[in-house]
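Below are two complexes that have subunit A in common, paired first with subunit B and then with subunit C.
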Partner chain A sequence: MSVPAMDITNWIDSPEYKELNFARKDLVINPAKACQPLGALICALGFEGCLPFVHGSQGCTAYFRNSLSRHYREPVGAVSDSMTEEAAVFGGQANLIEGLKNAYTLYKPGLMAVFTTCMAEVIGDDIKAYVDNARKQKAIPEDFPLALAHTPSFKGSHITGYDNMLKGFLEGLAAPRRHATHLRLYVVPGFDTYPGNLREYKRLLSLLGVTYTLLPDYSDVVDAPNTGEFKMYPGGTPLAELQEALNASGYLFLQTYSTSATLKYIKNVQKIPTETVPMPIGVTSTDKFLMTVSQMAGKSIPAELENERGRAVDAATDAHPYIHGKRFALFGDPDLLYGLTSFLLEMGGVPVHIISTNGSAAFAKEMEELLSSSPYGQEASVHLGKDLWHLRSLLLTEPVDMLIGDSHGKFAARDAGIPLVRIGFPITDRVNLHRYPIVGYAGVLNLITMIANAFLEEKDRTSADAYFELLR
Partner chain B sequence: MFVNLSKLDLKETCSSADKGAPKLCLRALPGEGAERSCAFDGARVVLMPITDAAHLVHSPIACAGNSWDNRGARSSGSQLFRRGFTTDLKEQDIIYGGEKKLFQAILEIAAKHRPQAIFVYSSCVAALIGDDLEKTCARAQEQLTIPVIPVNAPGFLGDKNIGNRIAGDVLANRVIGTKDPEAPKVPLSINLIGEYNIAGDLWGVLPDLQNLGIRLQSAITGDARFADVQSAHRASLNVLVCSKSLTNLVRTMERRWQIPYINASFYGIRDTSQALQDIAAALGDPALIERTKFYIKKREAVIRQAIAQYRERLEGKTAILFTGGVKTWSMVSTLAELGINILAGGTQNSTPEDFLRMKELMDPTAQIIEDTSSAGFLDIIATKKPDLIVAGGKTKYLAHKTRTPFLDINHGRKLPYAGYEGMITFAQAVDRTVFSPVWELLARPFPSLEATR
Partner chain C sequence: MSNYELTKQAVEEVLSLYPDKARKNREKHITVKDEECSSCALKSNVKSVPGVMTSRGCAYAGSKGVVWGPVKDMIHLSHGPVGCGYYSWGTRRNLAQGTAGVDNFVPFQFTSDFQENDIVYGGDKKLERILREITQLFPTAKGISIQSECPVGLIGDDIDSVARRLSKELDLPIIPVRCEGFRGISQSLGHHIANDSIRDHVLGKVQREEIGPYDISLIGDYNIGGDAWASKMLLQEIGLKVQNIWTGDSTLEMLQTGNQVKLNLIHCYRSMNYIVRHMEETYGVPWMEVNFFGPAKIKESLIKIAERFDQTIQDQVQKVLDKYEPLMNKVMETYRPRLEGKKVMLYVGGLRPRHVIGAYEDLGMEVIGTGYEFAHGDDYERTFDQVDTGTVIYDDLTAVELEKLVERLHPDLVGAGIKEKYVMEKMGLPFRQMHSWDYSGPYHGYEGFPIFARDMDMAINSPTWKLVQNPWHR
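Up next, the complex of A and B:
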C-alpha cells in the first residue's frame, strides 16, 4: 500500500484512496445509522399514554433522549432500569421488576413498551418471563398493558427496532381477530421522523372521508402545542384502537423496509387484507397512495385534492430548470431513499451516489428497477452497508451538485464544496424542518422549494458581480 | 473481564449525607428516568478533545451510531477527533468475538488516518463477550509506531463520573510523562485540568493567561494535541477547573511528578479574578503576583462596565440552577454578578465538595433540588416560578414547555462563557432569553369570541 509519509490531506481526496476506502472491512467511519432501541423508542412514543421503558444500560437511554430531543426540540420521556455490572452477572430480572414498579408509580403511564439494549441481549435476558414475574409480585397490576420487544443493536438498525416494537405492540396488546370486522382502515406510516408527514397523512385521509387509525402516531407527542404546561402524555394512537387493530378492515403500509416483520405478521399470520405502497414522496407515489386508499376504503378522491395536485405540478413546472440535469448524492433509510429517488427522477434530477447503510438486497433490487425505468437513473449506483466516509470519497472523486441527507452529511458536503439539503434523521442544525411534510402534494411543494432554493442561494453566494442577478 | 469498582476507590466520595447531594456511590434507581449517561460516555468526554488522536469505539452501533461528534468541544487544529470510528459489532462478532475485527480496525486507522495516537474504547458488549482490549491493543502496538491506548470503561460500570476517573487513570498511566520524562519543569506554566474547550471556553481564558505571562502547558483535555498532554508533567502547577471529573488525576500527578494543584473556576468576573490570583500565588512568583493584582482590577473594571446595561435590566430576576462540576457553585456567583438570585439549586454530576460550596454560596432560603427526575423538576418550576432556568440540554425543552426562559450551560451550548470575555457573552445570552418577546407572545390568550364581546 503506497501511503504518503506525512501529510494525507490531499491523498484522502484521491481516487486511489477511494479504492482503499471501499476495500475497508473491519471499521465503520462516520456511521449513518442508529441502533434498534432508538427506533423502538420512536415507535413507542406513538401510543397514547405509553412510557418507553428500556431494559438495559442507562447511558443508552440518556443518548436516545438526547438524540431525539435535539432533532424534535421537544422533551422526550423514557425510562431505563439502569442495569449495571451486577445485573450483567446475575441477569436483569431484579432491575426490570424494580424498574417497572418505580416507573409505574412515578410516571403513571397508561401502558409501557419494554425493549432491550444490547447488554440485556448478550446475557440473554428473558423479558417475557421477567414481566410475568413482575405481575405476580405485584410490581405492576396484573392486567397492566405492556408491549415487549427484543431489540439488540448488533442486528439491523433503528428501522429494525421500530419494526420489532410495532410487532410487539400488536402481538402483546391487540385482541384476537374476530370473524366480523369493523370498517376501520389501519394505516402504518413506518419509521418516519417527520411529525409533519403524519399530520399530512391524517389530513389526506380525512379529506377522503376514510375511517382510519394511524398506527402509531406520535405527531402530538414530539410536536406538542405550547400551553404553558408540560404534559407527559400529550397524544398518540389510543390503546382502544391498538386493541382493535387485528379487526381492521384492512392495512395500508406506507413504507416497506421499516415494517417488514409487522407486515408479515398482519398479512401472512393474521391474514388481514393488506396493501403496501412506496412512501408517498413525489407526484407518482402520492397518486398511488391516494388511489390505493380510495380503492381500499371505497371512497372517491375529492376535487380539492385534484386542485392541490394541480398546484404541485405547476410548482414543479416553474422550478424544473433548477433541478433538471443536476447531479445528486443521497443517503438515508431505504424507504426514504426510494421515495426521494422517485421524486428526483420525476423532476429530471440525476441521482448518482445512493448510500444506504441499512438497506437490504431486496431494497437494492427495487432501486435498480426504479432507476433503470428512467433515463435520469442511468448513472446511479446504490451502495449498501456503506458509511459517510465512503460517501465522502464518492463526492470527492465523482463530484455531484448537491447532497441530500441528514445533518451528519454536513462534513462530507463541506469537504466537497456542495450544498446539503437536510432530509432525514437526525436534523440537529436547522429549525423546524421536521414540521414540514415531505409526503403528499404538499411534500412535493416543500421538496421543490428546499432543493431549488438551495441551488439558487448557492448561485447568489458564489456568482461574480457580472452574473449577480435579480432574476433567477 | 470487568474493571473492579472497588478498585476505583469511590467510597471517599460517599461521605455527604446531605439531601440533594450527588449520589456518586449509589446506583441509579431503576425506572426513575434516564437522565444520566454512562461510564463509557464519561471516559470519552475526557479523552476525545485530544484532537490529533483517533478515537475508536469497540461496540455495536449503539455507542457510536447515535453519538459521534455530539459534543461541542472545539479544536483550533486537527479535526480528526470528531471522525466517528467504530467496529460496529454484529451478531457474528458477538458469537465469535470481536478481537480480530478490532485489531484490523486499529491498523486501518493507523495506516489511513495518520493519528498521533489511537484511543480504543470498550463498551458493555465488548466487555460482556470477553474481548481482551489490553491484549489486542498491545498486539497492534507491536506493528505501529504510535501509541494504541485501551480505555476500559464499559457503560454498565455506572455513571459518567466513573468513566471520568478511568480516563484520568488512562492519562496518568499511559500518556502523561511519556515524552521527555526527565525534562525539567517549565517555569510559570500550568495545566488546566478538566477544561474541555466547550464552545471555545478555553480561548476565552488564554489571552488573560498570556497577558500575565502564564504559560499553558496543556489543557486536559481541550483543544489538546497528544504531544502536549504527553509533556503535561512539565507544568509547574495543575489548575483543576472541573473538579468532578479528574480529581484523581491531579492527585496522581502531585504524587508522581510533584505538581501541586489548586481548584479554580473561570466562570464569572469574581471567580476568574480569584482563579488568576490563586494561580499567581501558587506559582509563587512575586512579580507575577504583583502584576496579576493590577491586571485583574483593570479587567474587572472593563468587564463590569460592559455588562452594566445587562445587569441593570436583570437585577432582581430569579433563577433555578441545575448543573454539574465546578459550575455547580461558580454559576451561583456568576448569576449574582448579574443581579440574579437563585431560588433553587441542584446537581447530579459533581463532587460533594462542589455541592457543599454551592450551598454555602446560595441564600439560605434557596431550596436544594432533591428530586432530580423530570417530575421533580416540573414541581420546582411550578412552585418557584423562576425568571430563568440555567441547566443542561435535557432540561431545555421542559423549560420551554413551562414557558420559562432557559440557558444551556452544559455541553450543548454554542457560546463560550469562560473568562472575562465569556462573562460578556454570558450576560448577553441571559439577557437575550430572559427578555425575548416570545414569552409575552406565549402568555397572550387565544382570541376567542368571549374575549371580543
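Up next, the complex of A and C:
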C-alpha cells in the first residue's frame, strides 16, 4: 500500500485504526506479560541459600537475570544447564546432572530450585526422574533439598510460573502436616516485585505481634546492603520454615491471581485454614488485611497502626482535589490492577482503560464487581488479553489524564501526551521505586505522593506564565 | 612475584574450585600472556559447561537482538512463546530515528505468543494469520523477519515455506530466520544465521543507480547510545559517503543495496565478518577492520582508511586529525591525572574486549584482564597483540571466576554486563556496563571519547565508594 507517511501517522491514532487494532486475533504487540520461568526465578530467590537452576536453553537464563538486574539494580544469580541441539535430540538428563554437580560445588547453595524453559517442556523432559538419577549418581548429596517446577512459557505468564514454583517448594520440601500445629501464620505475598512491600508486610505483622513466616521473602536478596562484600545468598525465608510450612496455624494469601494453584494445594489438599485478601493497596484493602490478620492470629490492632491509618487518611483528604475526577488508564498484573483500581476509587479517581494481558475471566468478573460498586467506576472497561498497542489506541481515541503501569508504558504515554506513573515490573528508567512500598498505609502515602505530584509537575510544566502560580 | 606469576596463581586458585571434569574444560579457556606469547592460545566457541553460571545468551539473541533488531522499517516477529521477545524488548539501546509504527518499529515487541495449542498442532497457520495482520496494521512496514524461538524448531514447523508463500501473497519481503535458542552454543551462531538470511533473502535485491567513488558501508555498528551516528559523522567529515549502516538505525534498503559500495568498514568483526567476506567473494567489495574508540585508534583507523582512497580523502583525513588532536588532548589532559595507572578488567561481547583497550590507554589506564562471551579463535588472535605480558585472557567467563579473579587482581574498574555489574558494585568496585554504555554514550568517534572519559572517571572517582566502609567498623 502506498500511503503518504503523514497520513499513516494520523491514521494509526484514529478511531478507525483502533477498530482494526482491536479486531486482530493472533498478533500480539507489546504485551504486558513475561513468561513462566521469570516468575519461578523470583520465587526461588525468596528462600535462604537457594540457587535458581534453569533446565533448558541458556539464553533464557541470561534474559531473566538481565531483566531482574535492570529492575532491581541488584545482582541476580541463577544457573542454566545450557541445553543445546544434542539435548534436543537425546533429552537434557546429562546436562541436568552435570549442571547440578557443578552448581552445587561452585556456588554452595543450601537448596536449589529447578524449573524449565520451553525447550525442555517441548521435548518432554522428566525432571523428577532426572533429579532422582542425579542423586543416585552422587552429583548432589542424597538428601540435598531441591524444589521442582514445570514452567512452560507457552502457558500463562510470569505469575503462573511464580505460582508453580511456590507450589513446587511446598510439595517438594515441606514436611507432612502433623496434627499438632505451630502457632505460626504463613503469609504469602504473591508475585510482588517490591522489596519495599515485603518489608512493609513484615513491619505490619511485627507491629501486630504475630508469629509469622513470609513465604517466600526475597526482600533482602533483591535489596541487599552495600558493605563492600558480595554475598551470594543475602537472605530469604529459611529452609527450616519452609520445611515446617504445612504445620502453619493458617495461611494468608495477599494476592488472588498469582497464587491460585498454591492456594488450592494449601486449602483443598492440605486443608489448612486459609484466608485470601486483595493486595492491600489503599486504605480499605489495608484495613481488610489488618483485620484479617488480627482475626486469624487473635491479636488486636495496636494504637500505633490506628495513628498510621489516620495519617494516611489525612494525606488522602489533603490531596483529594488533585486526584478526584481525574481519568486514569492502567495496565499490569491482575492483583496489582485490582489493588490500584480500588485505591483510585477510594480517592475519587476515575479508572477508564484497564488493560490486562494476563488476567483471567475470574479476574475480569471481580474487577467488574469492584468497579460497579463505586460511582467512580462506571466509565471503566477491563480489556482482558489485550496489550499495550491496544492501550495506545485507547489513549489516543478516548483520552485520559494519566497512565499507571511499568516502564514499557512510556511510549504510549508519550504519544498520548500524558504522564506515566511507574508502578509494577519492570521499572528500568527510574531509580529506587521498588524500595518504596505501595501496600499498607505507608503505601497509601507513597501512591498519593507519586500520583498527585505527577499531576502538579505536569501543571507547572505546561502552564502559561500568567497561570504559573506559587500555590497549587 | 611478577605480575605474570601472581595472575597465574590467581587463575590456578579459581580453577581449583571446580569439580575435575569442569576444571579440565575451564582451564583451556583461561590463559595469562607470557613474555614470548607461548601461552597465546585458548579454547573458544564451544559449549558452556552446565551449571557454572555463564553469561552467554542464545542464537535468537544474536539474530533478533543484535543483527536484525536495528533494521527499523521492518517488523521483527519473535515467533514462539512470549518471553524471548519480552526480554529483548528495548533493552539493547540500538537507537533509531523515525515515527514509531510508521517507519520505525524498533521500540516494539511483536510476538506470536505461542500457547499450548500452537505447540501441539503447530504454529504455521497462526504465523500466516499474523503476517496478514501485520500488513493490515502496519502497511508502511518494508518487510518482516520471522525470528524463531526454541519451540519452532522442535515441533517441526516449516516457517520457510510459510514465508515464501506469504511473501508472494502480500508482495512483501518476508525473511524466515532459524535462530532457535538451542542452536549453537551462544549468541554467535545467531549472528551467523542472521548474516546468512540477509545473504539469501535480501542482499543485492535492489539496485542503486550508481555507486559513487566515496560510497562506503559501515558494518557492525549497532548504534548503541548513538554510536553509529558518531561514526557516520566522523566518516562524513573525512569525505566519505556512508550509504549503509549494518545494523544501527538501518533500513531494509541498506541491507538490499549493501553490496553496492566501494568499501566495507567493519567495526564488530565477530557478528558481521560472514557477510563482508561474502560481499568480497561475490561482489568484489573489499573490507577492512576499523576501531573508533579513543583518539589513538581512531587516528590509526582513519590513516588506514585514507590509504584506500584518493588525495581528496587523504587531505581531508589530515584536516580532521589536525582539527581534533587539540580537542582530544584537552580531554586527555583533563582526565589523565585522575585515571593514570588505574587497572581495568573487561568482560564483554563481540569487539569491545579488544577494541576499547586503546581508549583506556589514551587515558593512561591499563587493561589487566579481558575476555569475550562468545568469541572465536580469530578474535583471540586479534586480542593477544593488544595486551601486555601478565594480562589474563578468559573465554566464556563464569560468575565465580570473575568474582575470584577480581578479589585477587584488584582492578580499579571492571567493565562488563548487567549480570556482572551489581556483584562488582557490592564488592565496592567501580563498574561500567560495556554493552549498553550504562545508559550513556555514544562512545564512538571524536564525539564519543569525551563521554567515555567522563564516564570512566565518574565510575572510578565517585565519592560514593568512600561511603562503603562503615566508620564505626573502621
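Please note the rule applied: the second predicted complex is superposed on the first by the 465 of 472 C-alpha atoms of A that agree within 3 Å, B and C clash if a C-alpha of one lies under 4 Å from a C-alpha of the other, contacts with A are read in each partner's own complex, and residues count from 1 in each chain.
Going forward, a residue touches a chain if its C-beta (ideal position, glycine included) is under 8 Å from a C-beta of that chain, and two chains touch if they have at least 3 such contacts.
In this text, all values refer to a predicted model and were calculated from it rather than measured experimentally.
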Put subunit B and subunit C onto subunit A via the superposition and say whether they clash or fit. clash
With both complexes overlaid on chain A, does A:A88 touch subunit B (first), subunit C (second), both or neither? both
Scan A:R435 for contacts with subunit B and subunit C and give back first, second, both or neither. neither
With both complexes superposed on chain A, which partner does A:E98 reach: first (subunit B), second (subunit C), both or neither? both
Is A:D415 touching the first partner subunit B, the second partner subunit C, both, or neither of them? second
Should A:H320 be classified as contacting the first partner (subunit B), the second (subunit C), both, or neither? neither
Return first, second, both or neither, reflecting whether A:K202 touches subunit B, subunit C, both chains, or no partner chain. neither
Once the structures are superposed on A, label A:N30 by its partner contacts, choosing first (subunit B), second (subunit C), both or neither. both
Taking the superposition on A as described, I'd like to know which of subunit B and subunit C A:K264 touches: first, second, both or neither. neither
Return the residues of subunit A at which the contacts from subunit B and from subunit C coincide. 1, 3, 8, 12, 17, 20-21, 24-31, 33-35, 37-38, 53, 56-60, 62-67, 69-70, 73-75, 77-85, 87-88, 95-96, 98-104, 106-107, 117-119, 122-123, 152-155, 157, 224, 226, 228-231, 389, 408, 411
Subunit B partner contacts - residues on subunit A that touch it in the complex: 1, 3, 6, 8, 12, 17, 20-21, 24-31, 33-35, 37-38, 53-54, 56-67, 69-70, 73-75, 77-85, 87-88, 95-96, 98-104, 106-107, 117-119, 122-123, 152-155, 157, 224, 226, 228-231, 389, 408, 411
Going by the contact rule set out above, which residues of subunit C touch subunit A in the complex? 17-19, 21-22, 47-61, 80-84, 86-91, 99-103, 107-116, 118-119, 126, 129-130, 133-134, 136-137, 139-140, 149-151, 153-155, 181-185, 187, 398-400, 403, 417-419, 421-428, 468-470
Enumerate the contact residues on subunit A facing subunit C in the complex. 1, 3, 5, 8-9, 12, 17, 20-21, 24-31, 33-35, 37-38, 53, 56-60, 62-67, 69-70, 73-85, 87-88, 95-96, 98-107, 117-119, 122-123, 152-155, 157, 224, 226-231, 389, 408, 411, 415, 428
Help me check something: in the complex, which residues belonging to subunit B touch subunit A? 2, 5, 27-41, 56, 60-62, 64-68, 70, 82-91, 93-94, 100-102, 104-105, 108-109, 111-114, 124-125, 128-129, 155-158, 373-375, 378, 393-394, 396-398, 400-403, 412, 442-443
